[in-house]
Every structure is written in structure tokens, then in C-alpha cells.
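There's a structure below that I have some questions on.
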Amino acid sequence: MSVLIHFSIFPLDKGKSVSPYVARAVKIIGESGLKFSLGPMGTSIEGEWDEVITLVGRCLQELKKDSDRVYMSITADYRRGGSGRIESKVESVESRI
Amino acid sequence: MSVLIHFSIFPLDKGKSVSPYVARAVKIIGESGLKFSLGPMGTSIEGEWDEVITLVGRCLQELKKDSDRVYMSITADYRRGGSGRIESKVESVESRI
Amino acid sequence: MSVLIHFSIFPLDKGKSVSPYVARAVKIIGESGLKFSLGPMGTSIEGEWDEVITLVGRCLQELKKDSDRVYMSITADYRRGGSGRIESKVESVESRI
Amino acid sequence: MSVLIHFSIFPLDKGKSVSPYVARAVKIIGESGLKFSLGPMGTSIEGEWDEVITLVGRCLQELKKDSDRVYMSITADYRRGGSGRIESKVESVESRI
């Protein structure tokens, strides 16, 4: 549970309404069993690096089925011994403001 | 209200616990009057481009006060005529899964 | 010259070949007088924060003319007193490998 | 060779001078055999998804050895049948400006 990522994925060849494609990726994330949190600009996912990045690869695999060009943005925050950070990072900031 | 950004900011010269610094940025965002949503890996903000990017600049200004190196990541989604997307983008995806 | 950004911009409603649109943004960057370096996944630009972000805004303005949806990704590295880093950062890494 | 990524990695717990750590990652990238291009804000790498993301994982593994917190930013551009894009994307833009 030492990595937290923020992940967004969308096709470039399907026009400006990409939510049906995003939804297919989010469905895969939801079925993965990993902790996740859906946001307006991407999905945060917590797990071990191999787990989260395998999941990202499966989302790309899914969108590749009918898209010729797919864009992804991933930011990752590894912290040794970190766990439950998908909640605790927000709480830690909120407690200070 | 045509731009939605995902924004993260943290100092590189303050060690691994950066939440006090993140909190100072989030406080500024919260006082801006713009719609925002705090997430585990950053804050989503909705507004006109000039509004959101001026706000980002104020966050950098705040952290520069006592940090010699500051990193920021911004992804921005402009949509003509878009409004209320900080809620509607999540709802649009959720309705499809 | 204290900020270095990596910047990419493209429309979502123009199909998978976006280089004509990217080129319009890069032309604006090239005419700005700021130091920049064109890469496969974006353009690095060095300047003061207000300079680089005003330039980013002008690129968005240009693409908005005929695109209804535009995506941008920006990572920014502020360093107090930094200058000439668009060359020196690469040299610093290369000298160590 | 269908994926092009822009990748940056650095520790958060080593102070503001991170180039020795970045260099360790770039060394691993250089020895991978994959096409890459070092830039001021990150390294562009071209390959199949599994290849490039395995390489990213090896860079994280290397920095984890002596860092308790590591940040990574990855943007990825998949294009069906794409190859040699690490050069051709820049050329395609340059030819238009």
C-alpha cells in the first residue's frame, strides 16, 4: 500500500466527449479491489507499485481495443511504510487549515 | 467557469512531510471563492483560466516565502461553455459504470 | 529565470493528428523570446513564473479559437536564484552518468 | 514502439539538489536499450507499454533503496502502429513552424 497515484486516461480520436471511455477504465479500476477515489480530473489509486501500474496497463489495454491514440497522465507518490494514505493525506491537510 | 485544473504543489527542500506546506496552499485556494475539491494527490479547481492560474501563482508566492525549491503539477481541461464540471464530470462517469 | 516548466497542449476535438495545433502553440512560444526546448512530449520553457504562465495562456487562447476542448499538462520547477537551468539541469545529470 | 512517455522521478527527502538521484535513474534508462531523450524536466522514452513501464519500476526500485519518499510524473502517448516517434513528433511540429 506504499504508492498512491493520480491517473487519467482518455482517447484522442473520439472527439470531445470522452466520458464513455473514461467510464470503461474506471469500471476496471473499481473491480480491481484496490482502494480508489474518483475525482473530476482523474482517479486516485492506492496499492503496491506493481498492483497499481498493472491496473493502469489494463485500462490502456481496454481503450486500445477501439482507439488508435490514447493519452495517460500519472503522478505517483511512494512513501515507505505508507498505508491508508488515500484518506489520511486529505485529512492531514484538512486538519491544518 | 470553462477550465478545470488538477493542481499539486510541494517544496523539495523541506523533507518528506510536506502537508504543512500543502495546507498553506489549500487555505489560499479555499479563500479564493472558486469551486474546488481536495483530493489525495492534489486539488481540483474550476473557474476561468485567468482566475485559476492567478490562484496557482498565489500558492507559489506563498510557498516561495520559505522554500528555495518548489514543484508544481497542473493538468487543465478547457471546455467551451463548460460549467459546474467539478461535479458533473464525476457524475457523468459514475452514471456509466 | 527562476522557473522551468514542461508544457504540453492539444485539442481533444480534432482527432488523433494534433501536430498542426501543437505547432501553432510552439510558434507562439518561439516568438516569445523566452528560452525553450522542444521535446517529443512537450516544450520546456524557462523564465519568471508570470512570463511562462502568460505564455501558456496565450497558447490556450490560440487553440480556443477553433477548438471546443483543449487539454494542457504543466509541470513547474521553481528554484530561487536559478538561471540557465534549461541547459544546466541536463548537463548536471549527464555529468553524473 | 507504440508508446512514448515523458518521465520524471525525484526523492522528496533529500533536499533541493536531486540531480545525483535523477542521474541514477537516467543511468538505468540509458542501459535499457530503449530509445530515450533526456530533457530539462524529464526523460522521454519510446517502446512498448510493458517495456517502458517496467523500466519506470526499476528506476523507482533504485531510488527506494535510500529514499523514504519518491515522486514520479509520467505522461504517456499511445499510438497504434507508431514507431520512431521520439524523433518524428518533434520533426512534425518543427516542419509546421
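By letter and in written order, the chains are A, B, C and D; residue numbering begins at 1 in each of them.
Convention: a residue touches a chain if its C-beta (ideal position, glycine included) is under 8 Å from a C-beta of that chain, and two chains touch if they have at least 3 such contacts.
Small disclaimer: the values here were computed from a predicted structure and weren't measured.
Engineer: Taking mean CA positions as centres, which chain lies farthest from subunit C?
Structural biologist: Farthest by centroid: A.
Engineer: Taking shared residue numbers divided by all residue numbers at the interface, is the value for subunit C and subunit D over half (same) or under half (different)?
Structural biologist: Here the answer is same, because the shared fraction of interface numbers exceeds one half.
Engineer: What is the distance, in whole Å, between the centres of subunit B and subunit D, each centre taken as the mean of its C-alpha atoms?
Structural biologist: 25
Engineer: Let me have the rounded angstrom distance from the C-alpha centre of subunit C over to the C-alpha centre of subunit D, please.
Structural biologist: 17
Engineer: Go ahead and note the Å separation of the Cα centroids belonging to subunit A and subunit D.
Structural biologist: From the centre of subunit A to the centre of subunit D is 19 Å.
Engineer: Residues of subunit A that touch two or more other chains: which are they?
Structural biologist: Residues 16, 68-69, 71, 73, 75, 77, 79 of subunit A touch two or more partner chains.
Engineer: Which bits of subunit C are touching subunit B when the two form their complex?
Structural biologist: Residues of subunit C touching subunit B: 49-50, 53, 56-57, 60, 64, 68-81.
Engineer: Tell me, which parts of subunit D touch subunit B in their complex?
Structural biologist: The contact residues of subunit D facing subunit B are 10, 12-13, 15-16, 18, 68-69, 71, 73.
Engineer: Would you mind writing out the residues of subunit A in touch with subunit B in their complex?
Structural biologist: Interface residues on the subunit A side: 4-6, 8, 16, 19-20, 22-23, 26-27, 30, 37-42, 44, 46, 73, 75, 77, 79, 85-87, 89-90, 92-94, 96-97.
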